[in-house]
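Notes follow the structure.
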Amino acid sequence: MRRQFVNDPGDVVAEALEGFAAAWPGHVRLNADPAYVVRARPASGKVAVVSGGGSGHEPLHVGFVGTGMLDAAVPGAVFTSPTAVQIRAASRAVDTGRGVLHVVKNYTGDVLNFRIAGELLADEGVESGIVLVDDDLATDTDDGPGRRGTAAAVVVEKVCGAAAERGADLAELTALGRRVAAGSRTLSVALAAGAHPGQSRPSFELPGDEVEFGVGIHGERARQRRAFGPSREIVPQMVSPLAEALGLGRGSRVLAVVNGLGATSDLELYGVFREARRVLKDAGVDVVRSLVGTYVTSLDMAGCSLTLVRADDEVLELWDAPVATPALTW
Amino acid sequence: MAEQLDIADVERWVLAFADAVEEEAGYLTDLDRRSGDGDFGSNMAAALRRSREAVAAAGSTAAGDPFQVLGETFLGHSGGTSGPLFGMWFREFGKAGAGAEAFTLEMLAGATANGWATVARLGSARVGDRTMVDAIAPASEALAEAVEGGLSLSEGLRSAAEAARVGADGTSGLLGRRGRTSYVGEAALGSPDPGAVAVALFYGAAREVAGA
Amino acid sequence: MRRQFVNDPGDVVAEALEGFAAAWPGHVRLNADPAYVVRARPASGKVAVVSGGGSGHEPLHVGFVGTGMLDAAVPGAVFTSPTAVQIRAASRAVDTGRGVLHVVKNYTGDVLNFRIAGELLADEGVESGIVLVDDDLATDTDDGPGRRGTAAAVVVEKVCGAAAERGADLAELTALGRRVAAGSRTLSVALAAGAHPGQSRPSFELPGDEVEFGVGIHGERARQRRAFGPSREIVPQMVSPLAEALGLGRGSRVLAVVNGLGATSDLELYGVFREARRVLKDAGVDVVRSLVGTYVTSLDMAGCSLTLVRADDEVLELWDAPVATPALTW
Amino acid sequence: MAEQLDIADVERWVLAFADAVEEEAGYLTDLDRRSGDGDFGSNMAAALRRSREAVAAAGSTAAGDPFQVLGETFLGHSGGTSGPLFGMWFREFGKAGAGAEAFTLEMLAGATANGWATVARLGSARVGDRTMVDAIAPASEALAEAVEGGLSLSEGLRSAAEAARVGADGTSGLLGRRGRTSYVGEAALGSPDPGAVAVALFYGAAREVAGA
C-alpha cells in the first residue's frame, strides 16, 4: 500500500511547483501557466540553456535552474512531456537574442515537443538547437527509438550551462552537449517500483530474490531480471558493460554519477559508489570526478543508476565551474 | 455548393470534426488500447472540447484562424504523441488560410501536402508505418489529383475523404514501425490505427460541410 | 520485502563513509578508526563545531561538514550513538585551542557519550560545551528523557557553524545554539517505515488508512495513529501544534524546514511546504526562510517532518551566511 | 593474603571478571530482555573479550594501567548505555592506580567512591532507581567502613562483594527510573537489574583474586 503527501493527484505538479518557487526565491521564478521555471536573476548576452520533460524525476530539471546551469526548465505532468507551447514560452522568456539550447532526454514525446517548439521558435526568428541525451545502455538496440535519456542529463546540463555562461555560441554548445552525451552511458537497477501520485500500487512487483536490471525512470519494468545479491555482486554487473560501451581502459578518465531513483538511502548510494570505484580502479580507470546523491528520480522507486561519462580537460573544467541552483551548488 | 469554404464553413468543419471524434472517442481509445496505451480517444476529445471554446472565443477574421486556434490548443494542451502532431497539422491549415477570406481546393491541397510533410518530418513516419500518415498521404494525393483534374471543392473533398477512409482501413493490415504500436507487433493486426481513423474523420467532416 | 544495496550489514557504515569521503574530496577527509569526518581544509583560530549520532539519518551529520558549518561529524553504527572515544578523537582533531562545541540530538546514548567525551576532553585541557537539540514536539512530556532531537539539528549546526566562522567564542556559541534549539519544534508523520540494512521487514506496518503521527527518526512507532488524508488535511495538524508550542502569532517570523524521512519525493515535500506556508500565512506567520528537501532521514522511511524555528535578525543573518558542505551549499 | 593488589593481581582480577561475565552472558542478556532491549550480556562479553587482548598487549607498568585499558576499550567500542558508564567506572580505577605499584584497600575505596560519583553524575542515577548504582553504592559504603574499621584488603573486598550482591539482588523489587527499564514499569519486577548484577560480579572477581 503506497500513500503520498498529495491533494488531488491532478494538481500534484502545479502545487509542487508553487512550493518549489516559494522555497527558492533567490534562485528561481515560476510562470504558472504555461508552466515553466526561470532564473530569479535572468542572464544576459548568453545562449539560453533550457531543459524539460515529464515531472516525477525531481530534482531534475527544475532543481537545476540557476547560475551556471539552466536558464529555464519546463516540467510536464508526471511522466508526460511538456507541450510545445510550454517549451516555446519558456524559450522565448529566456532568449537573449543569442539563441536557445534545448537539452532533451530521448523519449518520443519529449523529442517531438522540443522539435516542434524549435520549429515554432524558428517561425518567430528565435534560433534553437537540440542536444539529445540518450545514455541508457539497457535500451541500446538497433531499431526503435534509441537509448533512453536518464541521469547523464545532469552532466550535459551542467557542462553546457557552464560553457554558455562563458559565452559559447549555440553551435559550440550543441557540439559540446552532443559530445558529452555521446560519451555517457548509464545502467539502472531497481529493487522496488515507485507509485504514481494517488495510486496505491507500485507500477510492478518484484520477487524478493530478483532485481530489475536496466530499468528506466518511468516506472516501467526492465527487459531483464537478475538475481539480487550484495552490492559487490550487483555493481560490477553495472560497471563492466558501461566501461565496455564507452571503450574505457587503462588510463581512461571518467566522471561517475551514482544516482538514487527516489527511495534509496545515501548509505546505500555511497556504498555503491565505493564498489564502482573499486571495480573501475581494478580496470585501470580513473574516477576523476563524481556526483553521488538523488538527482534523477522515478518517483519513489528504490534503486540506483550508475552513469559514466568520458572526461577530458574541457569537460572537467566546465564541470568544476561554479554553479548555483537549488539542487546543485558549488 | 460553394467552391470555397469561408470562415463560417471552417468553423462548422471544426465542430463537425469535434462531434465525430467525441462520438467515436470510445472506439478510438479502444483502438489505441489494442495498439498503444489506450488514451487516444479521450485525449483527442479533451483537446477538441477545449478547442470548441477557444474557436468560439477567438472571433476569427480569416479562414485559417480557426485552424490556427486549433493548432495552438493542441500544441499547448495535448500530451502524448498525436496531440502535438495534430497541432502542427492544424497549424499548416492555419498558415494556408492566414489572411484569406476562404479556402479554395488548391489551398486545401497545399495545406494537406504541407501537413503531410510536417508530420512525416517530425514523426519520421513514412507511408506504411501504420500511423496517421497512412490516411494523410492518400488524402493528399486525391486532393492533388482533384486540383489537377479541375474538380469542384466538394468533389475534391469527397475524393479526399474516401481516400483517407481507405487508407485508414488499410492500416489494419500493417505492422507498426513508429510510436507505441511498434512495440506490440502483430497484436495490433486486424484493427486500424486510431490516428489514421481520426484523419479520416477530419476529411469526412470537411466533406459533410462541403455538402458532398 | 525490503532490499538494499549493501554488502554485509555490519559493514554498511564503514563502506558508506569510504564512498562518501571519495565522493567529496574537496570537502571532507575521513578518519576510518575511530570513525569521524573532518573538513578537507581545517579551519584555524575558531571554535570547532562538532556533531554526531547514529548513522541512518544521512545526510545528517557527515553531509554538513565543511566551511560555515561543522568542523567534524562523528557517525555511530546505524541508529547507535558514536562512542565517547570517537567523539574525543574527532574533537581533538579539530580543536584549535578555542574549544569545541558539541551539537547533540537528545537521545540517551548520544547525550551520555558526548557528556563523557566532554569530561575526557576536559581531562586533557580541551574545553567543550554542549547544545542539546530537542525539537520533537511529539515527545514533549513531563517526565522521561525529554523531547527527542530531529531536523532542528540542521538549523542549529548551520547557525552555530556560521557564528563560529565569525569568531564567536565557546560561551557565545553555546548560548546561541541553545537559543535556536529552544525556539525550534518539529512534528513528523510517517506513511511507511524504513528497514534496517539487511533486514527484509520494515520496522512497523501501517494500515492503508492511517499515518504514524509524531514519529521519530529511528524507525520506532509514534504514540498516535491518525487518519490518512490529503495534505491539506494532514499538514494543518502539524502546523498548528508547532505554532502553539512556539507561541507564534500575527507578525511572527519563522524559518521552516520541510524534510523528507528518506523515501519521500520532492514533489510531495514541495506540496507539503506549500500547504504549511498557506496555513501559517492564514495565521499571520511569515515564513522568512525555508529549507525543503531530504536532510535528516530515518533510513528509507516514507514520511516527512516539519520544523519551525523562531527567526530573529541574528539567526537569519547566520542562516544566510555562506556554507559549503556536501549537503548544503550557498 | 597480600594487603595490596599488584599489577599481576589486577590483571587476574580483570580476567576473572571477564570469565564471570562471559559465563553469565546468557543470564545477563535475559535480564536485559526482561527490563530493556536484551543486549546487555552480549555487549559486555564482547567488550571484555576485546579488553582481554588489549590488557595483554598493553604491558602495564602500574596497577591502574589494566583498568585504564579497560576503560578506553569500553569507551571506544561499547555502545548502549552501560558500555560508556562502565568505561568511566573503570577509568576511575585506572586513575586511582595511575603510577602506583599496587592497589591498597584505601585506593580501592577511593576509586569506588569516585566511580559511584561519576556514574551517578553521568547517568543522573540515584540509589533506588534500579541501575548499576544500586550495587555500586553498597559496595562503596562497605569499602569505606572497611577502611574506617581497619579491615584487611581481603576482608574489605569480601564485605564489598557481599554488599554489591545484596544490592543487586534488591533491584528485583525496584521500579526502574533510569534507562530503558523505566519504560517497562512493573514488568521488570522479580528479576534483578543486569547492570547491578555485573557490578556484583566485578567485586566477586576482586574477592576471588584477594583470596577472601
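Residue numbering begins at 1 within each chain, and the chains themselves are lettered A, B, C and D in the order written.
In the analysis below, a contact is a pair of C-beta atoms (placed from the backbone, for glycine too) under 8 Å apart; a residue touches a chain by one contact, two chains touch by 3 or more.
For each chain, UniProt lists the protein as follows: A, C = Dihydroxyacetone kinase-like protein; B, D = Dihydroxyacetone kinase phosphoprotein-dependent L subunit.
Small disclaimer: the values here were computed from a predicted structure and weren't measured.
*Asks:* Among the chains, which has its CA centre at the largest distance from chain C's?
*Replies:* So the farthest one, by centre of C-alpha atoms, is B.
*Asks:* Quick check: how many Å separate the C-alpha centres of chain A and chain B?
*Replies:* That pair's centroid distance is 35 Å.
*Asks:* Compute the distance, rounded to whole Å, between the mean C-alpha positions of chain B and chain C.
*Replies:* Their C-alpha centroids are separated by 58 Å.
*Asks:* Could you grab the centroid distance between chain A and chain C? Build each centroid from C-alpha atoms only and quote it in angstrom.
*Replies:* Measuring from centre to centre gives 28 Å for this pair.
*Asks:* Scan chain B for residues touching two or more other chains and write them down.
*Replies:* Residue numbers touching two or more other chains: none in chain B.
*Asks:* So with touch defined the way it is at the top, what topology do the chains form here? Options are line, ring, star, complete, other.
*Replies:* Graph shape, chains as nodes and touching pairs as edges: a line.
*Asks:* Which residues, counting only chain A, touch chain B once they are in their complex?
*Replies:* Within the complex, chain A contacts chain B at residues 34, 76-77, 80-81, 83-86, 108-109, 112-113, 115-116, 119-120, 144.
*Asks:* Considering only the defined contacts, which chain C positions touch chain A in the complex?
*Replies:* Touch residues, chain C against chain A: 1-8, 12-13, 15-20, 22-23, 55-56, 58-59, 63, 78, 191-192, 194, 197, 200, 206-208, 211, 228, 230-232, 234-235, 258, 262-275, 277, 287, 290-292, 294, 297, 299-300, 302, 304, 324, 329-330.
*Asks:* Touching residues of chain D toward chain C in the complex: what are they?
*Replies:* 72, 75-81, 83-85, 87-88, 122-123, 179, 182
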